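The next block holds one structure in the form of structure tokens; read it before the comments.
Every chain is named by a letter (A, B, C and D) in the order it is written, and numbering of its residues begins at 1.
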């Protein structure tokens, strides 16, 4: 008999996750944006205003969350991770630089991965999970997660429930995110780098996410919400987040859980799928190449 | 006297079609994306989760559908087509590679076309219709469809009812799709390849498609819905699909039919338009050329 | 005393205009798209299905409209202009090729302008007004309109009421359009050329345009609606157009008028603004140059 | 004891600001657009129609506002600034050319900054604040603001309340704007330069901004609305602006204040944050460089 990753009587679980990318969200596209003062302050709004505001909401509503930090951000603001950890939330690994693993060599990815671990170690924080910058994992990412003793990854999209990913260094739990539960597509806008088009209203996003949560209750899914403090920390969006959490709390069959706890439960749940990773073999001439 | 492609008493027909593009939806843009683990799992969600979820909805509501498979996808997952066929749905030809025919030479298109037919033949599946990758048919595509003995194509957009397309190899029925009845524009988002902008909520899409169906009842049109399991297989979108089908079923004058059946009826309906295909002659100097 | 361009008791006028661009909407970007069969049929939907469907709505509701034709389209489908004219609507000049005047030399623009006039003359149609392809008039366009004896242009955006534009060949009336009353931004989508992003629902567009009409009643504006049969000819959008017209008809203070009639009235209305055209002088070094 | 930047009993302040960019909004991208007659008239709609229309709304509702002018625009239309100032509104500095400071050298930015000051001086207008073109301040912009004796800047985004920015030339008040309270992302569309995608309806924008204002009342924020007369001067959008102001006026705890007044109050409010500006040091090899 297997134990279930969902608590008894629960139809879906909500993982509230916040990617505190700050400046790395832009610098990982090109270091030249460091010269853009407005853009840098736009990103700094995340740790400066967004994080405390979101912590306030989580405290008001008494829900746990998981905060993913690029090592660079944690290093640059020495008290930031501690501030979040002391509020009782989980801290997780979001690469060092936020540069997509898919654009690094294997050695570069490993170095970036290790360097973030060093930062967290120096700050005395225990880390259980990892998420690739831009979710752009490479085919070795899950293996790194296993090799360095972490429990879970949250970058791959092969399911909307947790699943097991075997690697050469052991199995990890995957907690799949998805673009549709991310605030980036809805809210992000900058002229340089050129990001976004129209900006959506929080009420649309709230409606969409409540509908998604209801649908996931039918399918017993993991509602993996990914928000960015520099985006969702803005007043109207923060209010929509508050309403979303309140809605979830009003559903008796929905539970709010940290990524770590879901991963620990999923680790023990043999009924979840096992999905090996393998890069597709591409026959020459079938697809165009640049 | 001609028989009508619509059943007596029906004002519009719904063809539910699902393009199971999986990885080819991205690889057909550039083979390099095979290195992007997240992107590949994002696409694999289609066959892994989306297809069984959609089959469940179709079974619950007892409606038939047509699933278009690139040969590459069928080949890579040997049981996938059988799983769909055994549920009673039609299987159709969606090229081998999903590469747009408009970007292939005539010989390349023929080879790609044949190769998919070979896959379906090897899997023991009868094929009646074809749809070009990205609907990007060439001027010879309809002729290939006729030459290889298929009944219909579903790539061209010259009408919103079935129509006859004469070719040098005989006439085929065209079952026209349209971008506005496709889930791609509403839901797709990826950073690399760069696809999409904001992501729409399922309730907007549901509202739009119900409105379109109502309008098509006035004009006696074919509601050719094109959905992708890697997109609409997501929980909230699947719920919206369920609601859309339920809405159609609540309309006495709407019928749900496979593409094959519509094509067979249309073949016998002389009142439908005949629309020969001919590439426009372009006089030099009138339009810019790159 | 001046006569008013608005009828007594009317607060706003609606000009329903349809740009029958067909294939030129795409070919004017690059002639290579002639090889794209789907794209060409997508554009041909306009004259094939959209124009008769729209004529049906206009007839049902008994409202006049103005149809702008590129000469190339009129030439290629010899009965198309006649079909529209016989239904009682105005025919207007939409360049020959739909290539933006802003990308042509003065001589090229003149030749393109004349060539369309020749087509209309050969088809026995009287022309009173002009609209540049993509509204991308050059600084000489209004002068060409005057020189060739036309009454009005409808490309410039300096106002939301008719206005007088003096040129070296005499004054013309400008009937200003605007992007927000165009169906292109709301509905257009194609992969090659890459056009559009998400596709909006007709109910949003209907809501937006009713709101605009109400606002224009406050400001005594010209509601210059620009629709494309290959877009708005689609079933749901055609229904929204029908509803919009019905809404306008339900407002006692709104009138529906052809462009020609508005221009004739505006010609005699001295209270309207006169707005000379003059290319800004650009001091070297102030703005970047490519 | 510190005095508060908010009046007693007020939960949030609204600063209505209008950036009268006119042609510079486009010319600052490339001087070549001066050849595009439609585009130039599209931009000229701002001063020609938008400004008087907005002044009318502000007068009807008796609210003060701040108008930001690029020096080039003020120079080209000598009576424009006076027209706004005489209506009782604040005039502010929006660079000379609207070219982003982040794309200029330090010397170029200084020259552009000074040149606008000269224009305002020549027109006899007192200036208290500055906003960078496209909000794209450089790291020296705030210092220039202080050096030339202005009270505040409104370009940086590090907060949603006023804050103090120390510079080598003294401290300035920052009145932070944000993309989500800008009409550009919602409404702007042009084909050349290619700007925008879909165009949003004013009712969506009104809903979003009312929701934001309500949220800001919770957080005691500065609702810094940035609108452009060439966009929001259009009839429907002007109506939505009117409704937004009326909504704010219906809230007893909301006040409407000019930027100058907010900045003066903020100057004396020690409880507001002080946020020094410093360009991030970027270690070689961490982020990609182009």
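Here, contacts are C-beta pairs under 8 Å (C-beta built on N, C-alpha and C of every residue); 3 or more make two chains touch, one makes a residue touch a chain.
Owing to the predicted nature of the structure, the values given are computational and were not obtained by experimental measurement.
Undergrad: Would you kindly state whether over half or under half of the residue numbers at the chain A/chain D interface are used by both copies, giving same or different?
TA: Both copies touch with mostly different residues.
Undergrad: Taking each chain's centre as the mean of its CA atoms, which one is most distant from chain D?
TA: So the farthest one, by centre of C-alpha atoms, is B.
Undergrad: State, to the nearest whole Å, the distance from the C-alpha centre of chain B to the C-alpha centre of chain C.
TA: Centre separation, chain B to chain C: 34 Å.
Undergrad: List the centre-to-centre spacing of chain A and chain C in whole Å, with centres computed as mean CA coordinates.
TA: 48
Undergrad: Residues of chain C that contact two or more other chains, please.
TA: 196-198
Undergrad: Give every touching pair of chains, nothing left out.
TA: Result for touching pairs of chains: A-B, A-D, B-C, C-D.
Undergrad: Mind pulling up the chain A residues that touch chain B in the complex?
TA: Residues 100, 102, 132, 134-139, 141, 155-160, 176, 178-180, 185-186, 196-198, 200, 204, 207-208, 211-212, 214-216, 218-219, 221, 275, 277, 279-280, 282, 286-290.
Undergrad: Please name which positions on chain C make contact with chain B in the complex.
TA: 23-24, 27-32, 34-42, 44-45, 48-49, 53, 72, 76, 96-97, 99, 103, 187, 189-192, 196-199, 201-203, 234-236, 238-239
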